[in-house]
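The first chain written gets the first letter, and so on, giving A, B and C; residue counts start at 1 in each chain.
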Amino acid sequence: MRSIKYHRPRGYSCGTGKCASCLVRVDGTPNVRACVTPARDGMVVETQNAFPSARRDFFAVVDKVYRRDFDYHEKFIHPRVLTPLYNAVIRRMAGFGKLPDLKPISRSRVRPTIIKREVDVLVVGAGPAGLAAAAAAAEGAATVLLAEEADREGGSLLLHRDVGGRDGTLVAAELLARVRDAGGEVLASSVAFGCYLTDGVGNKMPAPGIVAVLTHERIIEVKAKALVVASGYHETPALFPGNDLPGVMGARAALILLHKHGVLAGQRVALSAPATRHAGEDLAKAGADVVAWGESPVVEAMGGTHVERVRLADGRELRVDCVLYAGDETPRVELLQQCGAPFVASGWVLVPDPSKLPPGVFAAGDVLGASSPLDAMASGEAAGESAAAFARTVRPL
Amino acid sequence: MTPHTPFVTTTGPLKDHYDAVVVGGGANGLGVARHLAMGGMRDVLVLEKSYLLAGASGRNGGGVRAQWGTADNLVLARESIRMFRDMSAELGFNVYFRQGGYLFLAHDEKTVDALRKTVAFHNANGVKSRVVDAHEAQIIVPDLSTSGVLAASYHPGDGIIFPWAVVFGLAKKCTELGVDVRTFTSATGFETSGGRVTLVRTNRGDVKCDWVVNAAGCWSNQVADMVGLKLPNTPVRHEILVTESLKPFLDPMVVDLRNGLYASQDMRGEIISGIGMPGEKPGINFQSSFAFTKRVARALVDILPNLGEVKVLRQWAGAYDVTPDSKPILGPSPGLANFVQLNGASGHGFMISPMTTLLVAQSILGQPPSIDMRPYRLDRFGPDWVAEKEPLVIG
Amino acid sequence: MTTDKCMVCTCEDVNDIELREAIARGCRDLESLKRYTGFGTGPCQGKACVTLARRLLSEVTGESVEALGAITYRPPVQPVPLRFLAGDEE
């Protein structure tokens, strides 16, 4: 697709459905994130914001004309008689997807519903920390609901072939079995999208409030005695010219492509930082040629509609079709912030202060700062036990 | 490359004395400061306690309409629309004002009757609205579900503006004119003597002043309390949400009079929508509720069915600064001639700010007011006051 | 030789030069910077770009990461189609 203002080429980037680099129109619905949408026979997929095509977009001229910056605040004012024309053109250019077709081609005939659930412990995120927390809480006799936004549980476990000597997917499967055996309910493709701490007339509630979860064709308003946020992190982009070119992505995004989808991010790969080494090794094992191992950071990525070359800090210029970056991972603190959690700085990012979380709110795993899957599991286990213990002290809701 | 004009003063201590201290840095505070500076006042200070756009000026949906039900609100809005048209050129900053109209939908005979009367009232007061039938409403908004729509009122001169740009543009113009615009600077108290405010205490030191303008929106009560003045204003939360961006398909702001729903498409293509929540308690509360989300989604999808697949990106809230008659309070305070009110706009402060700020500046500068300011005086709420409540409040 | 842009917010196409100019105009906190440049106001609502923007702000103004804080993450933290929010309540 092409980006909103500059019409720069964009493609697969975060791999988790968080950024806006892979938005396409699917079966008449605009702004669908391709990276988390399974392909189906008969699906109609169209590009957005490009004319006549994403590959050859006429409006890419904007990116060439405005080489440095484009500040829309002091433009399009004169002459005043042209205001309606300016407005019409700007609306056309600034809008992203087209209004959905009134009868979208949809397989689902189920009318969406909204239901209410009460549980002792709600765990958000089924990576190593979340799975461990849910297992510990369920084994601690709490009623547990575990919500995972991806279509498969496991999180970072699915991307590691060596977690304490074992394949991460096996570890994930074991933890999942523990949760289910102890009576915990697990929902995949389910995203907790908000902690609401006031009601419709302004009465305040203590955290975690009502946690709204979007799952298959329904929304669940969850009232939980305790909330464990094990949401992990967002990969923070690296900052160098051309950092948004298709083929430039975070190390985890490349691992998701490889281990979850069986796709190699590129044939000639440059690593921009030592922290991407794990991804580089896995890509190399899968047949990619890693031409730079992060010994010298990437200072520029170049290419037309895809990355074709990089320049490294040591002056080398290499031909590539994939660049991986890592570092400064941003903890996914959104729900915790809504619950009123305070934050402290950790390098360039903010992490929750685990000692100052509101009563009933717990955090585990990479959301507290990037760590290894084993550390995340330990963190989750502790949080799950604490959450279950807390839930026992709470009067019935 | 010429550096751009800064918006705010970022360095240096406050002066010892200002001709006017304006409490509040939104569209009202910056607007009146601009007019005062243009009128020759040399030392004007704007105190914004937070970042620019932290208050209602940064939280509203950008709606600008002349379709009001009382003359006192209508004339302020009608004149403000005229002034918004010139604003981008005057500020040298694009406020992206688009006059796509407002369409008020009526689904029952009683509402249609009320609409007809309101339109007649508009037409008698220089606002060229008209009643349209369901068929024409469909032409104006092709994606509208006209099921149950009996008629609608439509004024093509109403429109949508980009509120953030208005505030940045006003701040820039104020700074160009020599106004001292300070963010993260708040009034903490006042000193009075002989029926006049003589000094403003701030978190950055005390300043002497000749005039004070209370343009603090939902915090106006708190500011007035600092001088022992009781305002009849009540802050009330109103919630709002925004969707992802779409290519343009909706020209007017659509209002459903059954429930007070409003929805419009901004310049970026996003649908901005809000609805009233019955029973909302008074208070300053900017948190969001899920009850609102459900209510507004249901109402939206009912009148614009294509929006079912459109995704909500964000919801937030602000507070209307509500007076008993939903009209603003403009002008001096009884007992404190130089403590001037510029608040109480009850949810439409932004859209009437060009006119209200001009009027207040005129009264301070001793210039004849562009319109009679008596209906907006604080002391109108006396024993002889007869309530003429504004019927067309939405959101 | 002109180099390509360093994109900070890919949702709204805001690059580092645009952020620096906004800071120079007086947007010395994250909230003003967000409102002026539009960073963090797109489909992702500022999930990862805030780290980059805050780092830039910190480097230019000298304010610490902790003092600069975060932008406000309102619900929904992932986009939700209106039809689900309009669902039948059981």
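Annotations
To be clear about the criterion, a contact is a pair of C-beta atoms (placed from the backbone, for glycine too) under 8 Å apart; a residue touches a chain by one contact, two chains touch by 3 or more.
Since the structure is predicted, the reported quantities are computational estimates derived from the model, not experimental observations.
Taking the mean of each chain's C-alpha atoms, the chain closest to the overall C-alpha centroid is C. Interface comparison, A-C against B-C: more C-beta pairs in contact at A-C.
Centres computed as Cα averages put chain A at a distance of 37 Å from chain B.
Averaged C-alpha coordinates put the centre of chain A at 16 Å from the centre of chain C. Spacing of chain B relative to chain C, judged by their CA centroids, is 26 angstrom.
For chain A, residues touching at least two other chains, in rising order: 4, 31, 73, 114, 194, 196, 212. In chain B, the residues that touch at least two other chains are 4, 168, 244-245, 288, 290, 293-294, 307-311. Annotation for chain C: residues touching 2 or more other chains are 21, 36, 42-43, 72, 74-76, 79-80, 83, 85-87, 89.
Within the complex formed with chain C, the residues of chain B that make contact are 3-8, 10, 50-54, 58, 164, 168, 171-172, 183-184, 243-245, 288, 290, 293-294, 297-298, 300-302, 307-316.
Note for the complex: chain A touches chain B at residues 4, 28-31, 72-78, 80, 83, 87-88, 90-92, 94-102, 104, 114, 194, 196-204, 210, 212, 221. The residues of chain B lying in touch with chain A in their complex are 4, 86, 88-89, 92-94, 96-98, 143, 165, 168-169, 237, 244-249, 265, 267-269, 277-281, 283, 285, 287-295, 305-311. Chain C makes touch with chain B in their complex at residues 21, 24-29, 31-32, 35-36, 42-43, 45, 72, 74-76, 79-83, 85-87, 89. Against chain C, the residues of chain A that register as touching in their complex are 3-6, 8, 10, 13-14, 17-21, 23, 31, 63, 67-71, 73, 111-116, 149, 191-196, 212, 214, 217-219, 234-237, 239-244, 300-302, 328, 330, 332-335, 337-338, 343-345, 347-350.
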